[in-house]
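Down below are the structures I want you to see.
In the two complexes below, subunit A is the common chain; its partner is subunit B in one and subunit C in the other.
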Partner chain A sequence: MNDLVRRLRVPVVSVVLALAATWLLLVVVDAPPLDALWQIWNGSLGRLSKIPDTLIAWVPLTLAAAGLIVTFQAGMWNIGVEGQIVMGAIGAAFVVRELSGPPAVVIVAAFVVGALFGIFWALIPGYLRTRFGVHEIFSGVALVFVASAIAVYLIIGPWSRTGVASTSGTDLFEERYWLPTVGADEYSWLAILVAVAAVVAIAVLMRGTRYGLRLKAVGKNHHSAFLMGIPTNAYMLSAFAMCGALAGIAGTVQALGFHHKLVPSISGNYGFLAILVVLLAGFRALWTAPIALFFAAMLVGSTQLSLRLGIDSSLAGVIQGMLVLFILVVGAWQAQRTRRLARRAETATTAGGG
Partner chain B sequence: MALELRSIHKHFGAVRANDGVTLEVQEGELHGVLGENGAGKSTLMKVISGFIEADSGEVHLHGERLALQSPDDAIKAGIGMLHQDPLVFLPLTVLDNFLLGSPGSFRLNRRAGEQALREAADRYGFSFDPGALAQTLTVGERQQLEIARLLWLGARVLILDEPTTGISAAQREKLFEILNRLAEDGMIVLFVSHKLEEIEQLCHRATVMQRGKVVGHVDAPFSSDQLVEMMFGDVVVSEGRPDAALGSTVLELDAVTVSERLTTVEELSLHVAAGEVLGLAGLEGSGQRTFLQACAGLLKPKAGTIRLGDVDLTGRRYRNFLDAGVHYLPAGRLEEGLVAGMSIAEHFELTSGNASFFVDWNGAEAAATRDIEHHFIKGTKESVAESLSGGNQQRLLLAMMPDDVRLLLMEHPTRGLDIESADWVWTQLLARRESGTAIVFASADLDELLRYSDRIAVFFSGNVLRIVDAGTTTPDELGFLIGGKESVP
Partner chain C sequence: MEVIAGIVAAATPLVYATIGETISEKAGVINLSLDGSILLSAMTGFAAAFVTDSVIIGYLAAMAVSAVIALIVAVTSIELRLNQIAVGFVLFLFARQLALFLGNSYVGVNGPKVPSWDIPLLSEIPFVGTVFFQHNISVYGSFVVIFFAYWFIYRTRPGLVLQGVGERPEAAFARGVPVNRLRYLYTVVGGAMVGMAGAAVSLDQIAGWREGLTTNVGWIALAFVIFGGWHPYRVALACYLYRALLFVAGEFQVQFPDLVQVLTQLPFLLMILMITVINTEWFRRLGDRYPRWRNFLASAAPSGSGQVFVRE
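Moving on, here comes the complex of A and B:
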């Protein structure tokens, strides 16, 4: 019980602080706070017709977050996950444009190639990091821009719509290659299934397997892990590959399940947002699913704000950012406090002749 | 008119780094501070230069009591410290480095700075171009730059912490010349070293420290004998080591040259037999760690061969050394051995040698509980490594060691441990030795070296000065060798 209280203290305090800050912000811009929050809820999970919209955001966010769990466990900031999503979408688009055959085969092939493209794009910062010590944040960010540029080039160049070259995207893919849905307008069950499976698989891999245990050692103390005989570089590269694969799958889902074409902003910033999801989840795989749902709801629900209350929809981003900020601050404060208490206890025992 | 320290106390946890240090240095005096590693010299210097705050005690300069809470306070009071690694920003020019931290208005006065730098350079014979990049300077020139900067900031007390590490003999002579000239100008110079000959050559007076306390003050000319005795105290060599039968050669080095940063071990030939304990003596950074890392396969030798039993492992990977039965336990238990943030059970599982894809956590936790009891570790299976005391971290590290180790390489097996843990560690190590493991360990503790080694290799500035038989050598002889003196006068 006491343990649970201690564990929940950081998130609860953070959420309260973030809500208070949001409240203040809304009051300052002269908007009714309660009404705004109600609109967000009503525009996302609060209404049945809006739930598919929320899930459209939830799936790629969750997939990217699950992937980031792996690289974080290996102690690395795979910021480039955004670009890996774009590359996955390009790979998937390539398959459905160039291949023709039974939909099941083509779709599976699109997932495989999408994942491979994501892996390739993730292994570049991984290789630069392990071979030359280039920090993965810098190479990752650079590669996000490169991936976007490739997408734009394809859209206005080789894959441009017949007759018009426009940044609005390629031609729609053949409808039989779209991800299967239950009703006409609803989101694909397959995409949701893939996201759920990814979260569960990553959770098991990180907590229950020797691979996860060793990866944790690599992430927490690269040097000690190496001395224990763990091939640290191989483990770091495998983490990048795994994250790249999940990001590539997220890109595939975006292309085949939502846009049904390749568009320039196909990654939708879900990669960057997923980093916040993982931070908020405290690097625990299973927690990413509900937190991603919360983020997706905020994202989708806040589009109602401008419509109904004339507030800019970026409010969602403000709330999410503040939440993460408070989590980090409160977490650091908690850690500092724990250390201080431990030190005091130690001094007490030393003084007592222990 | 002098620098005066009165009863300085500084504790780190249970360790009394400075335990009532009192010291007085006159203007124009070159004052040596001598002591083994861990004697408290560096702590004392950091207190004087404001890097750490003393628990109690007073620092007076020219009759005025100083309140030192930061390096800034110290430099304002006229106390400057030259660190072992000079604080030089390599990508900046000499002049920019010189101007860094200079007092005055927001706007830099480059011309005044350059002139001051040239004046200092002329006066003390510094040899560098203000426009050159700092990275083109030698370590000795970086020191000169730092000294020039401290002088310009108004330093009247100059503290040098092991300034001769990693500089050439010529640069050392130059440094001593500069220090002598500074002293003639009335500067107070505190010179920290563990090299006897440097103190003898340079200083007017010396203070010897041991275990946080001042053992005594000595005036020049110094007697090496007396200094050694003061540094190491009376080492009581306790009961004889259990003799074990030596087996075949386990480790064999032939003319190995290996270097790491500032330290180079040159053309070292050496062999260790199964069941033998080889102690490595010497001051920190004399090459012991470089040697151990080469034996562990972490540093590749530039020349020579390393053999383990019949296998030539020269230039092979760390993994091959592990497979051949080498096990290395470095000094940093929590930095290069254990993983902070992971539990005891996780540590045991990591090094269990199990290969199954899924971890059987129930089994692993039960095994961890057994191992914790068996090795008398004070902690539970959930305890994270950083929550353990030094002694328990060492117990955990030994408990994690595989059974079939042929060559155990270890740094400071009992540093910072209480007596009970230290005894336990050596009981374990000697049991390993009984079963034929060769043990090579570095230590700064003469008592430990003499008590447990069969032979002791004494390192001095990168080379093995001599290998002595632990049964026949004396603490005095070891002390002299460690200080770089080949023979007892």
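Moving on, here comes the complex of A and C:
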């Protein structure tokens, strides 16, 4: 019981603080706080007709977050995941545009090529890090910009719509190559299946296998892991490759399952947001799924804000940022208090003994 | 000539941001929130200047906002021992979204702008006058910041202490230097300078507020601090070269309109390449043979950078 209280203290305090700060912010911009939060709920999970939209956002967010679990556990910041999503979408779009055949074959091929493109784009910062010591954050961010530049180039250049070159996207893909849906559903059961499988696979990989254990060792203490005989570079590269594959699959889902074409903002910021999800999940794979659902709901629900209340939908991002910040700060604060108490107890015993 | 003057003026926000980050990294704190900080301070600066009709208050507001964000990075890392990268990244997303949220009502509004002012006498020097002395206070300020940062860090005693705090915090502490207090000071000062970068965009360069106004300036700045080897002159040189490259890319746009998107991202590829080359074994060997070359192209990060100093 006591243990439960202690474990719940950090999240509860953080949520209360984030809610209070959100309240303050909404009062400042002269918006009704309760109504705003109600709109977010009602525009996402609170109404049956909005749940598909939430699921559509949940899939890429969860895929990217599951991938990031691996790189984070290996001790690396794969910020470039956003660009890896873009590359995955480009790879998938390439297959669907160039290949024709039975839909099942083409779609599987698109997933494979999308994943390969993601892997390729993730291995660049991975290689630069392991071979030359270039920090993956900076090469990763640079490659995000390069990836979106390539997407825009393709959209206005070689893959431009017949007759017009506009940044609104390529022609729609042939409808038979869209991800399969049930009836009139907008979301694809296949995409959801893939996301669920990814989370489970990563959770099993990190908790139940030798590979996961050794990868964590690399992340915790690179030098000792190397001395223990773990090929650290190979492990780091494999982590990048795995994250890139999942990001590429996320891009494939975005292209084939949601936009049905290549658009400049195909990654939808999900890569960056997934980093917040993973930080909030405390690097535990199974937690990414519910937290991603919560984030996706806020994201989708907040679009109602501008329609109904005339305030910007970026409120969702503000709340998410505050929540993660508070979780980090409150958690660290509690850890520090525990440290202090332990130290005080220690000095008390030594003083008593002497 | 006007072209070079344009490049010099265009690099202003980047110069403020890189020099600000150089100062805080020299003291040992990495502020990864830069891109968000700049956007939020650009919005705040514009809004404050719009409401009060005073550019100066706009700059002060921008600096204050960015300084507060830097302070959060400093407090959470020094007091709470949180990972600077994690906090910085969360603050990057948070500040970006907050800027969009609060700035919503200022999109497309016309506001005050830094007036241009030719420096008397100096501006009449042929060539040099046009290139450097026919701008405005914001641009002149960026020159001053470069020289002052160099002079302070490498030519004064407090600057030497600053380097010690970043390089060898334990040694500095043993000599009676209040390491963490100085880290607070320089992180906040660097943060305020980053805020000026935001104001330089929203009150001078673009003069206005809209979404995505500062277009990744923060990330470019973070990379240029490394690229410039934490040295104000070289960092500034990187900023000017970057703007020059962008100008050249813009010229090519006319001939290869399809390629413009790729060309404007070319500096990023060059940057990765450059940082990679500096890190190669080959370059290290070259550097051992010709130390001058190494000093010109590369230098190591302050060794205490990103690490929390804990007094035992």
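Assume the second predicted complex is superposed on the first by the 346 of 354 C-alpha atoms of A that agree within 3 Å, B and C clash if a C-alpha of one lies under 4 Å from a C-alpha of the other, contacts with A are read in each partner's own complex, and residues count from 1 in each chain.
We take it that a residue touches a chain if its C-beta (ideal position, glycine included) is under 8 Å from a C-beta of that chain, and two chains touch if they have at least 3 such contacts.
Not measured: the values here are computed from a predicted model.
Visitor: State whether subunit B and subunit C clash or fit side by side on subunit A once the two structures are superposed.
Guide: On the shared subunit A, the partners clash.
Visitor: Between subunit B and subunit C, whom does A:Ala225 touch in the aligned arrangement: first, second, both, or neither?
Guide: Touch partner of A:Ala225: subunit B, not subunit C.
Visitor: Touching A:Trp38, do we find subunit B (first), subunit C (second), both, or neither?
Guide: A:Trp38 sits against neither subunit B nor subunit C.
Visitor: Have a look and say if subunit B or subunit C is in touch with more residues of subunit A.
Guide: Per-residue touch count on subunit A favours C.
Visitor: Who does A:Val146 touch here: subunit B (first), subunit C (second), both, or neither?
Guide: Second partner only, subunit C.
Visitor: For the superposed three-chain arrangement, which subunit B stretch in 23-31, 95-103 or 365-373 runs into subunit C?
Guide: Clashing stretch of subunit B against subunit C: 95-103.
Visitor: Could you list which residues of subunit A make contact with subunit B in one structure and with subunit C in the other?
Guide: The answer is that subunit A has no such residue.
Visitor: How about subunit C: which of its residues touch subunit A in the complex?
Guide: Touching subunit A: residues 32, 76, 79-82, 85-87, 89-91, 93-98, 100-102, 104, 216, 219, 222-223, 226, 258-259, 261-262, 264-265, 268-269, 271-272, 275-276, 279-280 of subunit C.
Visitor: Which of the residues in subunit A end up touching subunit B in this complex?
Guide: Those residues of subunit A that touch subunit B are 208-211, 213-214, 216-217, 220-221, 223-231, 342, 346-347, 350.
Visitor: Using the touch rule from the top, collect the residues of subunit B that touch subunit A in their complex.
Guide: Listed in rising order, the residues of subunit B that touch subunit A are 13-14, 318-319, 322, 328, 330, 335-342, 346, 349-351, 354-359, 361, 387.
Visitor: Which of the residues in subunit A end up touching subunit C in this complex?
Guide: Contacts found on subunit A: 25, 29, 77, 79, 128, 132-135, 137-139, 141-143, 145-146, 149-150, 152-153, 156-157, 272-273, 275-276, 279, 311-312, 314-318, 320-322, 324-325, 328-329, 332-333, 336.
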